[in-house]
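Two complexes are shown next, each including subunit A; its partner changes from subunit B in the first to subunit C in the second.
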Partner chain A sequence: MIQVQNVIRNYKAGETVVKALKGVSLDIGDGEFLSIAGPSGSGKTTLLNLIGCIDALDGGEITIEGQPVSGMDKKTKTEFRRNNLGFIFQTYNLIPVLSAYENVSFVLSILNIPEKEIEERTMRILKEVGLEGMEHRRPDRLSGGQQQRIAIARALVKNPKIVLADEPTANLDSKTGEEILKLMKEMNRKYHTTFIFSTHDSMVMDYAARLVLLHDGQIVSDERR
Partner chain B sequence: MTMKLIHVAFRNISRNKRRSLLSGIAIAVASMSIVFLFAMVQGMRDDMAQNLATYYTGEVRIRNAQYEEYERYNPIHLTVDWQRIDQALAQRSDVTAYVPRITFPSAFYVNGGNHPAVGIGADFSLEAGYSDFASSVKEGRIPEAGKNEMLIGSVLARDLKLDIGDKVTIISSTAARGNNAMTLEIVGLAAFPVASLNSQFFWAPLDRVQHFLRMDNEVLEVLVMVEDDERKAAAAIKTDLESVLGSTLDIQAFNDISMMYSFIEIAQFIYYFIGVFFLLLGSTVIINTTMMVIYERMREIGTLAALGMHGKELTRLFFLEGVFISAIGAAVGVLIGAGITVYLGKFGLNFTDALSGIDMEISSVLYPRFNIWTTLIVYVYSVVISAAATLIPSRKASRIEPVEALRYV
Partner chain C sequence: MKFLVVLACKNLTRYKRRTIITAVTIAIGLMLFILIDSILIGVDRESVRNLKWYETSSVRIMATGYWEDRLMLPLDVSIDDPYTKVQLLREHGYDATPRIMFAADLILYSEDFGEDGNLPVQVTAVDTTLDNTVFRFEDTLLEGRFAESGKNELVIGSWMAEDLQAEVGYWVTLVTRGNGGFFEAMDMQIVGIVNCPNPNVNRSLLMVPIDTVADYLAMENLATEIDIALPESADTDVEAQAITRLMAESGKGTTVMTWKDLAGDYLAMMQAERGGSSTMLFLVFLIAAVGISNTMLMVINERTRELGMMRALGMDDRSIHWLFMLEAGGIGLLGSSIGVALGMLANIYIVQEGLDFGFFMREMDMAYRVQSIFRGAWSLRSILTTFFSGIFLSMLVAWIPTRRAIRMDIPSCLRHQ
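Then we have the complex of A and B:
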């Protein structure tokens, strides 16, 4: 369902050009639980951003559900993200003035879903990520792990085909990180949502059903387990 | 969606409390000043209209048609026929009151020297029905018809060390182009709202002044109060009187006569622009604040964009926040401004020192004039302008690339 074909991404930093991705190709099927691993600076974030339609390609093509990304303009990309993609960030990136409930339901409001359905779906997903009873707390009154759970709920509430998570556990202690991964895996199984997450942590890699190793902007290994 | 945006925007106000407060205060100060300023100019205008009508020109002034042409030669012989004008005006339903006056330059012969003073011959029984003349008498009483008495401006009296009971000889040229002198006893001290009236003028009975200036039953001018629009009334009176007296009269509305009043009218117009300028100045703060807030919430903008929010919606989010701050700030400002206006409208603002020596038909104590409609308009203007100002930085939010915003620290 996602075809990454010979993707190139260069950054201009003053005079020099940084080749962040040097021709990356990758096929990702429905419902995969895939980790993009590699040291810092290897191009993980760049690749996720390109698949996530928030960055522009310099070469190659990415096709999602048969739709080539390179031809999309800014508005189409936004629309596409809105309907098909969920995001989880290393720093959670919740809206601080909104409660757990509101952070999640906001995504459905953007989609103009009826209020009653919004409430049902939001409450259900919050329960599933284990935040029952904390719906009305604001992020600053929740732990990092709990905040990341809101983020997972926020990513999943609209039933996206793909969830992209850039180093989702990097800001958490290893125990909490493991819990988050278990939760992601559970959701992956339950909803058959494709999860693509990046990491440089070997513990996290162990959870992946497929591990793609990046090094210096190139794939050095791709194994299923 | 819009509801949700409003909701988030409203909560965002409290995120940078101090900065929101600063923006709000800037807008509040601007709209407060405007409300007060407008009320002040309106108060000044009303005051001047009142003074002109009461003391100087009436709402409509009737003079000899040639008077203006020779005004600088003191053409005391260019009079009007009081009796016939009186008869004609008495018939008119649009005329509420009128008085004859003779304003003439003279000199006081006091302490072995001459001191300039302006005399006004007035019929005090008619003046009583024309304005609240008696309230200007600070000490003593109003002169009586047929007697050689005068009411003198209290400052003029103080300057010349004169008091009630003193007799003053006045010298003036007459309608027959000769010179004449007459001695009047001071029977009252006057305190008028206008400074120059107190420092330069004295009032004497009309019949004595007519005799002194060798005018029979003539007067120099007739001051008229009218029902509605002064210009229309002036035109109507003119047609009416010309059918009786021919075109020997100059009849004009006060707002066409007084240069100073026209200036105030123009000033009032200019103040609208000054008001807009004030608001723009106040708006620079909210522009600045919004700009800072956008940079501060860069990562959030990236997140919202990644979640599928369009640029336009992001712009609206920051714009709405600005609208709320403007609406609250302007409301506070307008309320305080209205409060100050109402308070000072009661107790007045004393400009005696500032206005001393300035020859203007403006009272020394001014009362700002509160007007609910002006205040509401100022409010709407304040919100519209400062909200429009926030649109400038808010539009930046839509141009931000989500990748860059997410990387921003």
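Then we have the complex of A and C:
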């Protein structure tokens, strides 16, 4: 359960202060498949970053699984992200020198999981995202869709409670984007993992079970489908 | 940690050309370091050896008070009954020889030298039998022979002979004051020219038989010093203490000094030159450090987004620090390995053949007691220090740019282009 209460986030752009989020409140239940949509500059990424504990609040509070984020220090936030959150990025952010297998397994390595279990879990998730047989390929030998599949596998391999995806299909063509969305939805259903993703693509919004629309740092609609 | 090592190794192959260029920069720096250090060590060792073999011996006994007035070369502050003391020392296993040092005016004649002239000199009167058991002039004879006992014969250093255009067979006169202050003139024939590896000696040596001059100078059964040779492995300070005790038992009035005391000026100058050389070596290291620091800055700048991703996924700052330091250490390891290998290869030549600085040493006094060829020396400690310093330094200079990147907030890292 994620509770976003009256969250404020301001940025300084030179002399001016940009109000990215102006008192956003939102409750997200376990296992939701939620899309935060809105035009560029509406505050989607900022909200995702705050829920993902990679940015700091200027006001309000975010509580994840009963833990208030504002009370966490840097070390606790790192640990919290490591244990509970998965991330999928628009540009995949894979490590180019590592194979598909290594890109996924390193998340488990930093959790100090035994080698045998790492292998087992990594191979299983790669199979589930449709990359069986491509474990040893480096990202530069894979298509954009396949790279994003690695990113999804990397996000899910540690069985996180929440996966945050910032415009996960923005760099993909519509067909591949749809495949990725189907995969994410399947994973959401299978593992009951909460998926929160930002987008400004209407096709992506159609896939969301819940659509939160942001405009100028405020929620303008919250629709369950 | 295993993952970090694997990732660091793979990242090193990511920008092969850059890794190699940086490693080569480090390698050149370390190679120069090894060579310069080798030459400094070699020259230092050879200088010390040449000091002991041709100038100071290992330990010297003087009359108390002589050292303070040494520049005057006084004859009245001398050791009584030196041969009894030499005998005592020999009985205790020490090779020893008496010497008389005195100042004189060297008179040159036009018949031999083309024109008349004179110059102030320092003369060394040696025991023609015992001197070679302490000093190593035996193999340095360039021309003629050594002076014989009881004869008015003189051996001259090769550079001095060149300067004076002196040749074997020429006659000179030494005008001096004997023990008691009376004037004395000694006609001496040059019978030999020595060319020893100590440039100071070559520049100024005038060697005469001690029994010949003792008579002229009223120094019978007296000497201004007794020189003692110790084996290379001996602890000079310990032996000097033993000799001091021995001399105390045989009577008062002597002072024992080691070559380090006698060559204090040389050692001080060496220390100063070492300081200058160390600064130069530090600059060599600095160039390598700037190279690797620049590389790491570029690496971190290019991988800021990747760094943001790893931090977002929960990798802690310490691991990220380690990752970049391991990468820098890898470049350092590569550079150090190449540098040490090249340095050792080049050092084979420096140790065996050396570099000829004869043209330089002939004209100016650099305090080094090496005549022309500067040979290097092997120092395992120095090579190992260089090797590990290269790696450590590389890791150290990666610390600052990594720290800067870690201070950047994660969203900024992820937005970084």
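The definition used in the following text is that the second predicted complex is superposed on the first by the 225 of 225 C-alpha atoms of A that agree within 3 Å, B and C clash if a C-alpha of one lies under 4 Å from a C-alpha of the other, contacts with A are read in each partner's own complex, and residues count from 1 in each chain.
By definition in this document, a residue touches a chain if its C-beta (ideal position, glycine included) is under 8 Å from a C-beta of that chain, and two chains touch if they have at least 3 such contacts.
This structure is a prediction, so every number in the text was calculated from the model and none was measured.
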{"item": "Fit-or-clash call for subunit B and subunit C when the two complexes are aligned on subunit A", "value": "clash"}
{"item": "Partner chain(s) touched by A:110 [first = subunit B, second = subunit C, both, neither]", "value": "both"}
{"item": "Which superposed partner A:120 touches (first subunit B, second subunit C, both, neither)", "value": "neither"}
{"item": "Partner chain in contact with A:75 - subunit B first, subunit C second, else both or neither", "value": "both"}
{"item": "Contacts of A:93 with subunit B and subunit C, given as first, second, both or neither", "value": "both"}
{"item": "Residues on subunit A lying within both footprints (that of subunit B and that of subunit C)", "value": "49, 52, 54-55, 75, 78-79, 81-83, 85, 87, 89, 91, 93, 95-98, 102, 106-107, 109-111, 154"}
{"item": "Contacting residues of subunit A [partner subunit C, same complex]", "value": "45, 49, 52, 54-56, 75, 78-79, 81-83, 85-87, 89, 91, 93, 95-98, 102, 106-107, 109-111, 154"}
{"item": "Subunit A contact footprint on subunit B (complex, rising order)", "value": "1, 3-4, 7-8, 11-12, 14-15, 299-300, 302-311, 313, 401-403, 406"}
{"item": "Subunit B partner contacts - residues on subunit A that touch it in the complex", "value": "49, 52, 54-55, 74-75, 78-79, 81-83, 85, 87, 89, 91, 93, 95-98, 102, 106-107, 109-112, 154"}
{"item": "Interface residues, subunit C side, partner subunit A - complex", "value": "2-3, 6-7, 10-11, 13-14, 305-306, 308-309, 311-317, 319, 409-411, 414"}
